[in-house]
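These notes concern the structure reproduced below.
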Amino acid sequence: MDGTSPSRTAPAASSVGVLDTIPKLLLRNAAQYGGRPAMRHKDFGIWQTWTWSRLKDEVRTLAIGLRKLGLERGDKVAIIGDNRPRLYATFTAVQSLGAIPVPVYQDAVADEMAYVLEHAEARLAVVEDQEQVDKVISIADRLPRLARVVYDEERGLADYDHERLHSYVRVLELGREEMRANAGAEGWWLDEIGKGKGADVSVMLYTSGTTGRPKGVMLTYDNIIMSARNANTFDGFGPDDLLLAYLPMAWVGDHIFSYGQAYAGAMCVCCPESPETVVEDRREIGPTYFFAPPRVFENLLTQIMVRMEDAGSLKKRMFHYFLGVARRCGEDILNGKPVSAQDRLLYRLGNLFVYAPLRNRMGFSRTRVAYTAGEAIGPELFQFYRSLGVNLKQLYGQTEASVYITMQPDGEVYPDTVGKPAPDVEIRIADSGEVLFKSPGVFLKYYKNDEATQATKTADGWVHTGDAGFFDQRGHLKIIDRAKDVGRLNNGALFAPKYLENRIKFYPEVREAVAFGQGHDYVTMFINIDLTSVGNWAERNNVSYASYQELAAHPQVYDIVARRVDELNKALSAEPQMAASQIRRFLILHKELDADDGELTRTLKVRRSFIAERYAPLITALYSGSETCHVRTEVTFEDGRKGIAEGDVRIVDMPTYPAQSLEPVREAAE
Amino acid sequence: MEVFGQVLEVLIGGLLSGVLYSLVALGFVLIFKASGVFNFAQGAMVLLAGLALVRSLDFLAARGAPVWAAVILGLVFAGVIMAVTAWLVERFVLGPLVNQDGLTLFMSTIGATFVLEGASQMIFGSDVYPLRLFPTDAWFLFESVFPGGILVNKLDVWGGLIAGVLVAGLAIFFQSTKTGRALRAVADDHAAAQSVGIPISWIWFVVWLVAGLVALVAATVWGTKLGVQFSITFLALKALPVLIIGGFTSVPGAIVGGLIVGAGEKLAEVYLGPHMGGGIEYWFAYVLALAVLLVRPQGLFGERLIERI
Amino acid sequence: MKADVEPRPGAASLKEAGEVLLSVEGVSLSFGGVRALRDVSFDIRKGEIRAIIGPNGAGKTSMLNVINGFYHPQQGVITFKGKRRHDMRPYLAASQGIARTFQNVALFKGMSTLDNIMTGRTLKMRRGILAQAIYWGVSQREEIRHREAVEHIIDFLEIKHIRKTPVGKLPYGLQKRVELGRALATEPDLLLLDEPMAGMNLEEKQDMSRFILTVNDTFSTTIALIEHDMGVVMDLSDRVVVLDYGQKIADGRPDEVQKDQKVIDAYLGIPH
Amino acid sequence: MLYREAGQFKTSYAADMAVFPIRQDRIALGVVLAVAYLLVPLLDLLHVWPFGSDYLLRAILVPFLILSLGAIGVNILMGYCGQISLGSGAFMAIGAYSAYKFGTGVHLPLEWLGTAISIPPLPVLPSILLGGLMAAVVGILFGIPSLRIKGLYLAVATLAAQFFFDWVFIRVKWFTNYTPSGSVNAPELKFFGLLVESPIERYLLCLVFVTVFAVIAKNLVRGNLGRQWMAMRDMDIAAELMGIRPLYAKLTAFAVSSFIVGVAGSLWAFVYLGSWEPLAFNIDRSFQLLFMVIIGGLGSILGSFLGAAFILILPILLDQVPHALGVPVSVETVSLSVLIITGALICYLLIVEPLGFARLWSIGKEKLRLWPYPY
């Protein structure tokens, strides 16, 4: 179906010198892989396919058409819409004229969009359909610079005023007419491409900053092409690889994976029919390279489990049995570690009955590499996919880095790290614990925002990630928290509350946890037990209890939690940076932290300061060495009534362990 | 005169044997009226009834029971058998298929036919069993008028009488008994009938029972005529054209249809047959029916239906 | 996506100019004793959206059945595209460019969405039985050509995700959409819609309205529709004809009709 | 479970509209064909069990193939176009006798015209196809009523065909070349010069016919014509309002169906029976085909094969198995229990799975595709 040949060779990395812009890469691919698929798009029921040469023609005609619309070198062009070949082609067409594409999140509300288009001084907007056209028109008065709008989907736009509005097809016609009229047009276009240099700005990506207005990150061709090349060689991607482009084009990830790497490696990019059909389309395509944020993998897993709930008991038993097998030896097999012959056999069977079919249903049958990033992914979730034989890995990146900062090399995949420095990336850990990096992907600057640029990028080219982290002795980077949230113990050791809390929360018995230590000598912790899992335990061991408070205070429960804390301490002692953060004392709160009581945010994040002051006596007790502490708190019930939760809370001392290895972390960075 | 007499003889013979067809056709009409089911199994039911009757008669006779007692017991026994059959069919075939389209129901009765044929012969044996309930000799009428007179089979006359009685009885049953009226309601619309609270399963049981009894009656006559044997099931096929001509839903239609077919095929056999190698009564009825259909798709007595969308 | 069902200013008046596509003069129809239509006359102009409304049993559906030749009126003249039309089999009406959807969906239950819409292309497919028996070659090319056309309809009606689902399995709203698609596949000049929005929720109704309007705009298809939802009728239609007890009691612009006393009475069930 | 559809995406409508869009299915089909065309002959050549005697070929495979072909024909009319037919036996007969006449030479004296039609004996292949053609013509004739009459009434019309032709071939001696016994012998089976005699040759001959016609049937039902048939079946009024001409749709269904049935008939006579009497095509044959279609699955080519296999194997099993178990069973009991079981199965299927074995098959297939998910 897809004309792939067995050869799996990434285009020679030697030709960086000449192939220093995306349009040049396009010419190279058209020449070298002309007959092979460049893009596929599920449209009108089948996967419409563009070969590289077809793509080149499209880009050329479009570019010439855009030129007729008056697009000049250096102009900014906003690109708004779902992933589709025509919009990707627009990127290259724009770039071939030396203009700069500015992808905008298609789901952005008119106001956000207005800001970006205004700030970027876009002269032209190429958008997907009526919906986007309406949005742009609604904010047109705020965009004096915006001269024209080009749309792809014609539907519903027939009776719009077409003075400054043009259909994509019309632009192509303009291009064709021009080429008919003027034989030199193509040559002119090639010259335009020739003028491009690696140092030129290739794209502006607006980071949807959590605080303040989005910043326009300017990336050069060198940034993108080098990062892309490195990533391709890192995982051996080449012309035989397919990937599904379904994440927003305005997001750096998509720009690097589906655009940079695709062009650099002459990979085939597949665009889904519509956002609703992504899952179906992924199954059809069976991408060899797949990226998704953790929640996607989480949803997939829940779907599987939910569906299997309705399966026949026998099938269910088989399913869970083989999942057990996978949990036992799946990952080792994937990592090429030695595994007993019997387990190997069982895994084979499991693969026939469960794993392979599951991979098939999820569309991962052909996936060689899958990446996840963005937030911490739960170890069991992560290992579930790996044990099924899906080579899921983590990476750590940023728009400012053209994505790649660290990646997990095959065979060195650990759920609790984000991997080793990516090729050509240098990493430094600031004294504050903040992670700094330096790489060919480092962005040029923020558009029209020098102070932000200086704040982020040091004179000698180091970039502040804003994340705190450290290298474990395997040389893998661990991200522990936002740098601003990381504090210090009195002895000066790093104190990363969220890191500790997340670690303890990976244990099913622990629902919520709050770590203290900032400005103290050692780390202490509040713990909320998980009523369901501990409740189950209680039933199994016929421990009777009337309330959360009673169960929480139960000595055996304390023992269980203590055991967990101890495990954590052991683990921490193995992590030089964290050894000092071992939990010296903890208590199990007499009530569950509750959003109704203002202890959690509505998104269920702990409100540290509020808790600190509400339970001040408990904290004092934690650091005073007393064994118990009486506590009295007002609680809000489901129905809004107020009540009082009162009782004695026991405080437990924990043994700590000497830090195991203390080789300086810096070396790991090299 | 000679010729006329011959014609008359053939005609009368035809009409009377036509009545016998009607006897079978009646069973179809009953069930179709009440359940919208075209009961292909009617023939098999005649066979079953016949076998049950004749075998029990033989059994009792062998035990030296007096003829009248044997006959009564035999009829009762056969009746019971038919009742059981009716119940089984309703319970296991039609019940589950309620509200299905006519074609499905029709095919299900074909299935039922095979089961009945198989079962009945397996239980009661599959030979030819002679049955002697009615005289089989003949009268010769109007010998004064026509030379040689007109030959009339007494059996056919009996058949005619019985048919008459049966029709009368059924007419009364349908018009003036509660169940009878309920039956008609069901025929019009299963769902509706259910909704007004007529227990459809009961209705269907009754219908099949009645049809079974009609089959039993038919069996007595036909059994005497041909002897009870497998080929009796082909009566079902003979009855089809009768129905087409008479219309599926009309009792009088069944009778008239029977007469037309009977007379028609006899006349055809006698006066066309020789020119066509004979044996045309084998198909004549069908071609006749087909002709009728082309003129009146709903049969002679069927109601015209308006198509809606 | 929001559906824009605002009446388009000027559109209606502009269409008054369009010449008559179909005219019905003095049509009467009765079944046995029942008189479904009594001496009804009205016309449908090129490119307009014509609504036929009226209380239940007013003879609306019968009217459509007459128009596409399914019922044959005892009296009256039907003129289509300027030619007086004699009683004809429905498929001839279809071949002359009249397509139709049904009050209670009449899809081909055993077939997929795709096949259902493909049947709409029958009139346009020319290959003989032998070519089809061999399939590969001309017949396949023809199939592909029409598949493309159908795919555009599927895309237009936003039913990509159910392309290969058997229509029996689909929810009611989608079935209605597929039925519209099947009618569109015949590329009709006159599209008859029998209660296209019956039993739909608000969102579905808005979508359907959007589709109807777009069809009318982009393919300039003339549309005659029966609908109970007055709001929809007022928004969509250029002109409305009102039937009651098989008789025409009003005919004109939505706003006019709305004010008409006879109409109000009819809907309130006031005897006359 | 065995299906790995990830990565099997379609880049052209041709590929998307293929009969077997899934690779695994194509492989399976290939295997089946390989077995049928290569393995069976090979085993027979080597006289390996179960081909020690030619019983399997003669008494099972050959009739299976021919009846499958017949079932396909009936299925086109009943399953796809929704027109019930109880007269398929007659159409087999027409095929058989026409083929016989063409094969032995036609001489039709037309005294009143003072002339005579006479055609010299034709080779077997054209005779068989002409047999099909005649069946098709008659099929159209008896299909005409279907334009006015529906359902049961039509069933009767087809029955009329059955009885009429039963009679014709018994009484009209011309068809049997005036043989006193009324039974006739097939001409020797020469195809392009090579003689088909041995069971394996007969088997292969039937196999070729079945393959060809199965492909043709599949092509028709998946194309425009097939859609018209199914439209008539599912909702004839709507179909007509879509511009489908009932006349064309129904009569083509009758024609194609009868043609295939006719060819099956002539094969049955020439290849399987060799010499036969009209009884070979009586109403029982019609019902046999009807049941194959109902049990196998209305509206499914595959179903026709499954149904044929079942109806054919059942009596053999009922006969063999008890023997194998050492329980002697009378021939009569067997034949009666066959009646009962088939009848019961029909009712059962109509109740639980109106689309027969084929539906069960496709459900199973769906399960495998969704594996390990239950839905």
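Should a chain be cited, it is by its letter among A, B, C and D, assigned in written order, with residues numbered from 1 in that chain.
Following the convention adopted for this analysis, a residue touches a chain if its C-beta (ideal position, glycine included) is under 8 Å from a C-beta of that chain, and two chains touch if they have at least 3 such contacts.
The structure presented is a predicted model; accordingly, all values stated were derived computationally and were not measured.
Peer 1: If you check the contacts of chain B and chain C, which chains show up for both?
Peer 2: D
Peer 1: Which chain pair shares more contacting C-beta pairs: A-D, or A-C?
Peer 2: Between the two chain pairs, A-D has more contacting C-beta pairs.
Peer 1: Farthest chain from chain B, going by mean C-alpha coordinates, please.
Peer 2: Using the mean of the C-alpha atoms as each chain's centre, the farthest one from chain B is A.
Peer 1: Quick one: report the Å distance separating chain A from chain D, using the average Cα coordinate of each chain.
Peer 2: From the centre of chain A to the centre of chain D is 60 Å.
Peer 1: CA centre of chain A versus CA centre of chain C: separation in Å?
Peer 2: Here chain A and chain C have centroids separated by 50 Å.
Peer 1: Between chain B and chain D, what distance separates the C-alpha centroids? Give it in angstrom.
Peer 2: Distance between chain centres, rounded to whole Å: 33 Å.
Peer 1: Centre to centre, by mean C-alpha position, how many angstrom separate chain C and chain D?
Peer 2: So the centre of chain C lies 42 Å away from the centre of chain D.
Peer 1: Indicate the residues of chain B shared as contacts by at least two other chains.
Peer 2: Each of 309 in chain B touches at least two other chains.
Peer 1: At least two other chains touched by the same residue of chain A: list those residues.
Peer 2: 45, in rising order.
Peer 1: Quick check: what residues of chain C touch more than one other chain, meaning two or more?
Peer 2: 70, 102, 106, 147-148, in rising order.
Peer 1: Could you please specify the touching residues of chain B with respect to chain D in the complex?
Peer 2: Contacts found on chain B: 38, 92-93, 96-97, 100, 102-104, 106-108, 110-119, 121-122, 126, 237, 240-241, 244, 248, 276-280, 282-283, 286-287, 289-290, 293-294, 297, 299, 307, 309.
Peer 1: Show me the residue ranges of chain A that touch chain D in the complex, using the header's touch definition.
Peer 2: 1-2, 40, 45-49, 283-286, 304, 307-308, 310-312, 315, 319, 352-354, 356-366
Peer 1: Under the stated contact criterion, what part of chain C meets chain A in this complex?
Peer 2: Residues 1, 114, 147-148, 151-152, 154-156, 160-161, 163, 214, 217-218.
Peer 1: Quick check: in the complex, which residue numbers of chain D touch chain A?
Peer 2: 1, 3-13, 15-16, 370-375
Peer 1: Enumerate the contact residues on chain C facing chain D in the complex.
Peer 2: Checking each residue of chain C against chain D gives 68, 70, 89-91, 93-95, 99-100, 102, 106-111, 115, 118-123, 125, 127, 129, 132-135, 139-140, 142-144, 147-148, 182-183, 186.
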